[in-house]
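Letters are used for the chains, namely A, B, C and D, taken in the order the chains are written, and counting of residues starts over at 1 for each.
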Amino acid sequence: MANGRLGIWLIGARGGVATTATVGLCALARGLVGEAALVSRLPALAGLDLPGWNAMVVGGHEIRGGGLRDEAQRLAEDHRAFDPGLVRQSADLLDEADGRIRPGTLIGCGPTISALADMPPPRDRSPREAVERLKDDIRRFSEAERLAHVIVVNVASTEPPVAAERVPDSWALLNPMLDEPSGCPLRASSLYAVAAIELGCSYINFTPSLGSDTAALDELARTHNTRHMGRDGKTGETLMKSVLAPMFHHRNLRVMSWVGHNIFGNLDGKVLDDPVNKAGKVASKDHLLREILGYAPQTLVSIEYIESLGDWKTAWDHIHFQGFLGTPMTLQFTWQGCDSLLAAPLVLDLVRFTDLARRRGQVGQMTFLASFFKSPQGVTEQGFVRQFQMLEQWAAQA
Amino acid sequence: MANGRLGIWLIGARGGVATTATVGLCALARGLVGEAALVSRLPALAGLDLPGWNAMVVGGHEIRGGGLRDEAQRLAEDHRAFDPGLVRQSADLLDEADGRIRPGTLIGCGPTISALADMPPPRDRSPREAVERLKDDIRRFSEAERLAHVIVVNVASTEPPVAAERVPDSWALLNPMLDEPSGCPLRASSLYAVAAIELGCSYINFTPSLGSDTAALDELARTHNTRHMGRDGKTGETLMKSVLAPMFHHRNLRVMSWVGHNIFGNLDGKVLDDPVNKAGKVASKDHLLREILGYAPQTLVSIEYIESLGDWKTAWDHIHFQGFLGTPMTLQFTWQGCDSLLAAPLVLDLVRFTDLARRRGQVGQMTFLASFFKSPQGVTEQGFVRQFQMLEQWAAQA
Amino acid sequence: MANGRLGIWLIGARGGVATTATVGLCALARGLVGEAALVSRLPALAGLDLPGWNAMVVGGHEIRGGGLRDEAQRLAEDHRAFDPGLVRQSADLLDEADGRIRPGTLIGCGPTISALADMPPPRDRSPREAVERLKDDIRRFSEAERLAHVIVVNVASTEPPVAAERVPDSWALLNPMLDEPSGCPLRASSLYAVAAIELGCSYINFTPSLGSDTAALDELARTHNTRHMGRDGKTGETLMKSVLAPMFHHRNLRVMSWVGHNIFGNLDGKVLDDPVNKAGKVASKDHLLREILGYAPQTLVSIEYIESLGDWKTAWDHIHFQGFLGTPMTLQFTWQGCDSLLAAPLVLDLVRFTDLARRRGQVGQMTFLASFFKSPQGVTEQGFVRQFQMLEQWAAQA
Amino acid sequence: MANGRLGIWLIGARGGVATTATVGLCALARGLVGEAALVSRLPALAGLDLPGWNAMVVGGHEIRGGGLRDEAQRLAEDHRAFDPGLVRQSADLLDEADGRIRPGTLIGCGPTISALADMPPPRDRSPREAVERLKDDIRRFSEAERLAHVIVVNVASTEPPVAAERVPDSWALLNPMLDEPSGCPLRASSLYAVAAIELGCSYINFTPSLGSDTAALDELARTHNTRHMGRDGKTGETLMKSVLAPMFHHRNLRVMSWVGHNIFGNLDGKVLDDPVNKAGKVASKDHLLREILGYAPQTLVSIEYIESLGDWKTAWDHIHFQGFLGTPMTLQFTWQGCDSLLAAPLVLDLVRFTDLARRRGQVGQMTFLASFFKSPQGVTEQGFVRQFQMLEQWAAQA
């Protein structure tokens, strides 16, 4: 049975996704809202022994100041993301969670993210020192709240991509690099992963940043008997791609071009306006078509910051495909979803499933969570339904 | 091995789907076009021993006059469905196929379809007499062309629906009704099915009409050691529904309303402008959401005849769903596909798979073909990918 | 100068448009919101001497109970139409306005509207008696609030259409019919018009109902030295038509078909679900294409009640036009607007312009207001910009 | 009366627009097609004495080889732009026109356009030498065909933009620069303009390139008693902007953001894939919103080359605007038009109107043609209907 309280440690704890996940958890715990959008509440998964809404406590790292409650209010009122009443009715719990937020690290985040840091973290002399500081924060959270387990979830902004060849494949080679003040290839997302894993916490990377997606960190996780998964939560346009591409594929309708334009105006969008940070995101949204279709149609993915849209991400996709006798046909879709609201419930789901995986004794990459990610670690299947079947099969293992 | 030539007997042989299937078969046989949109040419199904494009001969029943070549030209030039050059280069083959078309039957087709019959068929004194006449036509086709097997495919316009309770469940009870000039509940689509089955031919119903979708005809098929499947080819908007609804379901995004407006201007559209004929179509397009989602969102399906669109069916769907914390979100899509071109390759695929099923000795409902139909007979699964997996599994049976 | 306070008497005073207009007026008077969407606040019209937000008082007739404040809250929270804070901050003013609402009349409204009447009005023995009762209400409002002028605005639900030939062209012939308990062709919208006009009030018909759109009532208005205009506020899809059709026309792009599907879920939508009431609306949305283009393309207008959309009317229009060398091309648009919010500011604008027309001594139809209406009385020009120029020219008359 | 034959000299004579204009002129002269999309054939302009389809002869400059007939066939068959039968039936006329095409100039066209030149023009030692060579070609065309007048129309690809301050305001200062081999700021589009004007020909610039849009060339035109106009034909997305923006403006609906994504796959698109060439185009598509609205909403315009679309330009625009009480609303449109077919009839219209302006004795900028251009020279009005009224008024001048 799920016993003991569970800690959710959010990286980017005052960002839109984290704030919404925290508001949502409070609202669920108090019975203020329904359970729509929570995969872990599907009837098909009803038999699983997952932690209840009251059994989870939120803390996290952040580089920006401001309060969680203010952020929630902005989402509710300025972005029209959810009912402002939920913020009022959860104000005390939000303030408590806010008190558990500690300064994060900016190592390797790049100038655009660093510029956001109005609550700049302590200067760490090496990545190792940063990792140790982060571990301290998480350890104290765990002790103070008497937690059975802590799951670290990265929901911070997208870092500039890391050249894969710069990261050695084994922990033995990577480990000493943490002591180098400037030669270490790991960015913040991976340092949080190291911190989590060395503490035996689970680690989930909901962003396109590298996080734990490297052989050395998987090795570290297995050594520490813990588990991890990522990367980049699949919430909107890419979810649609992973749903529609199998249709074109199974019907042998040859996709000639697939154009996707995304516009939105939240902080994530501002960070992605930096072409360096955007590069990682676009790559993450683009590869799966090729993998599902078995060939490479012309693709175009744009992500643009349009301030007035706030958290409402609008995607227009234009799919041009060849039908029988070579005739071109078209499918267009427009997706209008609130970004944080699409991501936040998945964060809660991932935490709940991960906790059960822990109790089942699973270590290493949690490939059964593939359906949640744009680039699921250790998984080649990119079609959504087949990925979901992996979750169903996992759930069916008594 | 696939030996002997295969007959394709099309009901509605000069309609848009039949004409396109015939043009396509000619063009494929002569190597004029690629194999896009043919499911049976997917790499994943490459190992199957299916009949080649040159091994199939087309004939059929029709109630309208005019020539196949004229119809093909109209599709190519007026409707911009495909390259007019294909018609010129297949003219001789089209004329030959046209010569194999025989007058069909109007029994139970309703006034709108009957009004189209500018080549009115002989008056049959009873359904039985019609069936015998139709059998004669198919038998002669088979003999004249020295065919190993004939597969009858209904691609005629949608009939008015039949009240299910009027059709008895056993052949013993249904059989004598065929002798009643007016008391027989079967419409043309089912009479063609009876004719096909009694001859040991396979029967495929690509339309929303009843066809063989009744226990008595399944019994008859088993008795005659033959096979059948239907109904209503899943080509456009409903295909999209069977692809998208599982996404909403698996993500627990509650669909509040799903509105689908279809506009097009081909003959099928004219027939569906009759509310009686339309009723069957709309029901066929609507039920699967409920079955996939497990609850009934508000749905609206319209199909309207807009002459200028010709064969280009345009569907706009607006899906309103509830996200996390109850916030409403929206997905819209516009599908612009050429109706006949979407259906025709599936007709060829169905024929090829059915022939292999015959050689494998399968009788009764061919449930492995579920992914091709809006209302697959004998199948409860409505999600497209899971239906396609049924085809993959069937293909994998050596 | 605009002196004396102005009364706005709303027919359907607790409906969505009236409620939003009232909330808006309160919010404007208290400086809680900006002046977006108010035509009368355009820089180009800045020089006009129009009544200020504090100089207008709202009252009205209604057949439904419930409170204005509840209705406003529903719009703000359930329909996400506007900030719930506005309702809280205007609560006292809304309650005051609610106290000035009097029971209307159901004469000629048809069964669908009558079924909504949970606050059924007194039974009037004849149309005349109803008119006298309505006049009494308006007269008392005017006296109690010491108003310089009252403008009656019909924003009630759409009535079943009236056959034009049943309404005599002269007041002398129409007047005696008001005494017939059942033979009078006038429906409620026209009875309110008679009441307003006989009192010397101005009358505006924002709905597709007949209202004052008949020669006899125009004659009556001139006799009573007052003014009137209508009908059917042009707020969304039809506004788009009056903007886009001139483009197609001036470019000689032949519109082959124009399909417009409207979905929404407010009370207005429920009433329009009755095909009799809907008939008037569809006619009102459809005629202008023909008039602008000079020929009749195939058109289709649907209006469907989709509950989950609430006040958010979504329209999808598909315009199929013939380009050079006969090639068909397509324009599609999706309009997502909040119905009451689109209508309400126009109501306030109309009232302000009408009051200035009064002070300028204008009587009869106010054709300069054409740009506000789907079917502007006394105007043949249907193109939006040219209609707007009529307003500019009027404004320029010192 | 329009007497004497009229010459149309196209710059970019084998490009998509020129080819379509030439095919169209042939087809119109032979009565093969209707007159859809020809503004000059509007009933409202019927009284004007404009040259007939048989009275116009086409020639031009080009830097690419290939034949006009091949180009036309590609448009008809690969791009599905128009009926291939038109090419067959006009083959002789197309070949004749092809024989009148002379090598153009690459001066100032930039590397992307120059790379297309598979028929590289003679190397001119100075801009002056190029101008004299171009004049020679046009003069010979005029003499050989015994033309009453020649109108030079630039429909070539978009050049890199020219910094306005580099072009002197008077001809006296600009003229000597033509003798400098490298210091002259004029690009090809302006050299063609100089050539045309010095010959007394009319000059029309249908592209975003500079052409005659500078005071010195307007002065030159007045000196030579001729006329000119530009620039950048308004055919699709920008036409829509000039139609829709006045609606938002006149309704005081504050546009917060206007995003426009354009995708297409013709040669023009390939040239615009060069960011230098694209810069001029985007500026041309963007400015008018600001000018119509009176403030600057956030705008985004993308133009991307998607090969499979060929000549079919698809634009998706997302307009986010603020309604009453500050509530955000959305209008989206998708425009699917065949680029060359939208432009070509306007070229023919411009030529016909320009010839009448000549016979009416007009010189300098032809501002009455504003409605045809994205950036009409000498005109501040950007709203489409008001621009069209300028044409109507011009037409009404007997």
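Details
In this section, contacts are C-beta pairs under 8 Å (C-beta built on N, C-alpha and C of every residue); 3 or more make two chains touch, one makes a residue touch a chain.
What you see is a predicted model, and the numbers here were worked out from it, not measured in a lab.
Separation of chain B from chain D in touch steps, taking the shortest path, is 1.
Considering every other chain in turn, the ones in contact with both chain A and chain D prove to be B, C. Comparing chain pairs A-C and B-C by the number of C-beta pairs in contact, the larger count belongs to B-C. Averaging C-alpha coordinates per chain places the centre of chain A 44 Å away from that of chain B. Look at where the CA atoms of chain B average out and do the same for chain C: the two points lie 49 Å apart. Annotation for chain D: residues 80, 83, 330, 332, 334, 336 touch two or more other chains. Residues 20, 23-24, 27, 33-39, 41-43, 81-83, 86, 239-240, 243-244, 246-247, 250-254, 294, 322-327, 329-338, 341-342, 344-345, 371, 383-386, 388 of chain C are the ones touching chain D in the complex. Chain A makes touch with chain C in their complex at residues 77, 80, 83-84, 334. Across the complex, chain B meets chain C through its residues 80, 256-257, 259, 261, 263, 298, 300, 302, 304, 306-309, 314, 316, 318, 320, 328, 330, 332, 334, 336.
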